[in-house]
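Order as written gives the chain letters A, B, C and D; numbering starts at 1 within each chain.
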Amino acid sequence: MNELMRRMLWLPEQASEYARRVDGLHFFVISTTMIAAFGVFATAIWFFVRYRRRSDSDVTPVVHPRAIHEALFIGVPLALFLLWFAIGFPQYVSLTLPPPDAQDVFVQGKKWMWKFAYAGGPNSVDTLRVPADRPVRLLITSRDVIHSFYVPALRIKMDALPGRYTQTWFTADRPGRYEIFCAEYCGLGHSSMLGELVVMPQAEFDDWVAEQRRNVLAAAQDGGAAVQPVLGRAGVVDEGRRVAAEQGCLKCHSVDGSRHLGPTWTDLYLRQSKLKGGKTVVADEGYLTKSMMDPAADIVDGYQNVMPTYQGRMSPPEVAAIVEYIKSLRTPAVRSGPTEGPVYESIPRKQ
Amino acid sequence: MAGHPQDAGHAHAGREHVHHSHFGRYVAVLIALLVLTAITYVAAKVHLPGGWAVVVALTIAIAKGTLVALFFMHLWDQRGPNRLVFVTSLVFVALLIGLTVADNATRFPLANPPGSPRAVKPPGFAPPPEGGDRLVR
Amino acid sequence: MNPSPASSDAPAVLPARTYLNAPDTGLMSWANTRDHKRVGVMFLVSTTIAFFLGGVFALLIRLELLTPGPTIMDAMTYNRLFTLHGVVMIFLFMIPAIPSGFGNFLLPLMIGAKDVAFPKLNLLSFYLYLAGAAVAIYGLIYGGTDTGWTFYTPYSTTTATKVVPVLLGAFIIGFSSILTGLNFIVTTHTMRAPGLGWNRLPLFVWAIYATSIIQILATPVLGMSLLLVAVENAFGWGIFDPARGGDPVLFQHFFWFYSHPAVYIMILPAMAVISEVVCAFSRKNIFGYKAVAYSSLGIAFVGFFTWGHHLFVSGQSVVDAGIFGVLSMFVGIFTAIKVFNWTATLYRGSIAFKTPFAYFVGFLFFLVFGGMTGVALATLSLDVHWHDTYFVVAHFHFIMVGATVMGFLAALHYWLPKISGRMYPEGWGLVAAVMVVLGFNFTFIPQFLLGNEGMPRRYFSYPEHFWALNVASTAGASVLGFGLLIVLVYTLASLRWGPVAGPNPWNSRGFEWATPSPPPPENFDATPVYTSGPHEYDEQAVPQPQLPEPEPRHV
Amino acid sequence: MSETTALNRLAHHFESLDKQQQAARLGMWLFLATEVLLFAALFAGYGVYRYLYSDTFVRASRDLHTWIGGVNTVVLITSSFTVAWGLDFAARGRGDRTRLLFGASIALALVFLALKYVEYSEHFHEGQLPGRYFTYEGLGPGPGGPIFYALYYLITGLHGIHVVIGMTVLAVIGFRAGQGAYTAEYHVPVELAGLYWHLVDLIWIFVFPLIYLA
């Protein structure tokens, strides 16, 4: 019955006990809505047929309601609605009361990606891994505008407010992969701000965390942070970093490998990129300089033409310094971004 | 004065304005308002503890406002709809203020602005360094 | 002075002197008019233009969503387009269309007045509307505003596109709305003709009166919050800016304090129309006059207590959520009362299935379904799943397009003879009505399912598994658009070639039919005196000897 | 004479002058209701931030010159009184006295604005400016100070605009009253101008404790 209703209403799979409870209410609410709507409609249609105008001189009686009619008109729907509320409100309240033993995950929305951080590491982008059958509390925030963290399969959603935290929690009980959407309009990339929730059995999750922490440690021993500017010509690079910050480049280009409004600068130098229209280009000094002067000329596929020209806004030495800074941003291995964990077959969705 | 076409109307308007002056009433209200202003001024200088200063100040303000509305603005001797309009608007003001402040007072504390003393961090709350306190501008 | 039944030999010519040709027909006489009927007609024309403009934007949006990726435009254009669609439809069409258009035309006629209380303010209201519309559209097109009509901070205060002109445009239109509401309330209070007590007031007037209350009390808060956003955007004063300690959720409180009641500004006038139409076409007294009349006031007041149900996932407190949640359950009751009473009115009526009635049928279905999904949305835990998904989009389109546009179209057909003196073609009317109602269902029922499946709104592209339902929705939208186009064509044609209607083509008992169609500039030759209500049909029919005994008055 | 004047005042679409005046009064009250709601949004904003940054707000309001606020309150209350008195004369057909008293009210309003100017220029000097322009250091760190001053300027600024509008209205109506445009039967414009001015006073009565005595 649950499965039939779920498919009829095109609801996504139910990955938690909470989702199943909410769906129970959903089925009840939709059924009463349907019955009421079609009840009213059937009555109306019956009246249309039964009392259709037979001649232009038809006479109609005066019909006034009795108190009982109006009492029923008010009482029946009100009782139903209050019943809905009485079921729905406790469910909503339960979402705001995470159990004390819940594992905390920090969620940060940013145009247009999701970052997840576990206490003690690791961090990940766009992929949230959680253990099955264990309560997980999400502490959600945003770097820029309001986003909304939405997992349809869990029936949960919570806005990410810039500068402050909101919370929600869930206990996923079905290992698998589920979609994460941004549900609050946040600009150009709103509809591509997608993420993935990976629910894994506790043991595999523990293995994954241990593996990730080892990697981070190794990277730290390799050379400090994951992103370590190659030194040399340090003065120019520092100058480039300063100019980039002043000119606001870093508002759209990240230096940690993450995707933002524009392509990241990490490992950008000499990278091959596919342009809009299919051409390929190598990001050498010439391309980087041209991109600052005439950004619209060669747009990398998948990005919007939103960058203003810096022609006349920076002196040639400043441009050169930025290019040197970009050249300095090279990593032995880029460590950010989702790391591959065990792969689960997602439960097949209907077509 | 013969042939008065709007007897009913003038009876009403006349009752209010023509037959007797309200001057005495205005003076009494003015004195009351000045006295209340003095009281609220002194009360503020005393620096009452806690939230009492606001409560006292607002109570006196409401009393003064009522005097102005009733006598200077003649709600005392005006028709029902006008009174209803004004009272209704005040009800909605109270509604808007009450429910927005109630929201801030009872929400998840960290959902309040981080600079506010009301945004109490729970013990053991340790966000990652790129947490919400830093904002991209 | 209640309207008399139409005699069989209705005049085949239009009255010689009407508001359309007296004092004269020049452009200046319209631009400078004080006549509420002319102001109403001007509002009708401009809101209808806005409606078709917004409709074109809607069709472009649906076309873009025909395939998962980019179809005919890029993301920026799409974001601007849905902002255009929202702002134009809500501020330029929905809010003024029925109150300022039909309300202006009909309200004085229905209460037997010569004009509204403040005719100059009324004209000013129209010019404010035009000015606001011009500023807003300028801002939308040249500024490329991409915030959506909700202007949520901090997106609206940090976006690179220009937002301030649109905010100012909406602010100015707000004043237009306030002036109209103020005028209607004062008119209803002070200008009713003799014999027209509150308990005999047409239900149209009751609902427009309730609408005006909302316009007066809610619009200033919108104006102030839009100004605050403009100040924030232009000068960075920090009231809503999280980086300066401001609270973006506070903006949502302010915005919905207006915009939730504004939903009732949009739906109450449609209910006003429907109350008139259902009586006229079933030739029956309204079932439960007081219930229908007072429930309008109930909606107006309780509608103010529910704004927080737009903030269930915004970080609002549980206490507020509970208060707003339970109060939202009550506002649905008033709509339920109306629906049941309208349906009961049909009982033992004499129903003529003309075009306005066809739209009543559509309205009834859309309102019940849209209304109940609205209450379902206010059920807190369900809202967490549905919030900001296509379920919400489908719900409010059921109310706004479904119910309000059906009300608008019913009004257009019902009162076209009153306004223009000519009839529309009945056959085409029914064909278009069927297309509109079916097309509407095909457009928005798939969107309910999309919302269930989890597709968020304002998505430029979407994962492939949402594809099928989106195609269905776009297909339905094209049928809906085509149906509306037919309405436009035959309405314009009938203004010139339609058969002359006569003063009361529907045999309605509504007071506005007691004067020639189109009415003379001063509405009535002499001040009317009312001896019976506008929804009383019992003693109207020509008595025939073979009829059974009259029914007892209380059944 | 007075009747004919009164009859000329009757607009074509009203049945009687009484109805017309009733309509004008109700219209004015509805307009005042919209004004109240306009300020309501600001007061709600004030309430929220007063709650969130209560300490800073208290300190900020103690920084202000309470005496200026107090004197301004007395000034506005007195101007309200003179307006009410002026209406009293208008109701007895003494338009010349109305002009005199409205003139007194305008003079008091000028005193109000002058004091406000003194206050504003001091704030500008101290860097007590809204939002991102805030440079004053007397309130310690945190966003409470800039927000207090943003609200301060919004509320007192909007109120100041209303004072200026009210003065203009009083000037026009007072001048016309002096010309004998109104009679004991028809003086509804005087009444409406008075209502507007009392509302300006009424709002200040609430602004004063909120801003200066918090």
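Here is the rule we use: contacts are C-beta pairs under 8 Å (C-beta built on N, C-alpha and C of every residue); 3 or more make two chains touch, one makes a residue touch a chain.
Given the structure is predicted, the values throughout are model-derived calculations rather than measurements.
No other pair of chains shares as many C-beta contacts as A-C.
When each chain is reduced to the average of its Cα atoms, D sits farthest from subunit A. Relative to the centroid of all protein Cα atoms, the closest per-chain Cα centroid is that of C. A straight line joining the Cα centres of subunit C and subunit D is 36 Å long. Inter-chain centre distance (subunit B to subunit C, centres taken as mean C-alpha positions): 34 Å.
Between the CA-based centres of subunit B and subunit D the separation comes to 14 Å, rounded to the whole angstrom. Residue positions 189, 217, 221, 242-243, 245-247, 249-250, 253, 257, 315, 318 of subunit C each touch two or more of the other chains.
Counting partners per residue, subunit D has 19, 22, 26, 30, 33-34, 37, 40-41, 44, 48, 52-53, 142-144 as the residues that reach two or more other chains. With touch defined as above, residues shared between interfaces to two or more other chains in subunit B number as follows: 81, 88-89, 92, 96, 100, 104-105, 108, 111-113, 115-116, 135. Touching chain pairs in this entry, ordered by label, are A-B, A-C, B-C, B-D, C-D. For subunit C in complex with subunit B, the touching residues are 189, 213, 217, 221, 242-243, 245-247, 249-250, 253, 257, 304-305, 308, 315-320, 323-324. Across the complex, subunit A meets subunit B through its residues 96, 106, 108, 110, 115, 117, 119, 123, 139, 141-144, 161-167, 251. Remark: subunit C residues 74-76, 79, 146-148, 152, 154-155, 158-160, 242-243, 248-249, 282-285, 287-288, 291, 312-315, 318, 321-322, 325-326, 329-330, 332-333, 336-337, 339-341, 343-344, 346-353, 361, 364-365, 368-369, 372-373, 375-376, 378-382, 384-385, 387-389, 449-450, 452-454, 456-463, 465, 468-469, 507, 536-538, 541-542, 544, 547, 550-551, 553-555 touch subunit A in the complex. Touching subunit D in their complex are the following residues of subunit C: 113-119, 178, 181-183, 185-187, 189-191, 216-221, 223-225, 228, 231, 235-239, 241, 244-247, 250, 253-254, 257, 527.
By the touch criterion stated above, subunit D contacts subunit B in their complex at residues 3, 6-7, 16-19, 21-22, 25-26, 29-30, 32-34, 36-37, 40-41, 43-44, 47-48, 50-55, 66, 70, 73-74, 77-78, 80-81, 83-85, 87-88, 90-92, 142-144, 184-185, 187, 194-195, 198-199, 201-202, 205-206, 208-210, 212-214.
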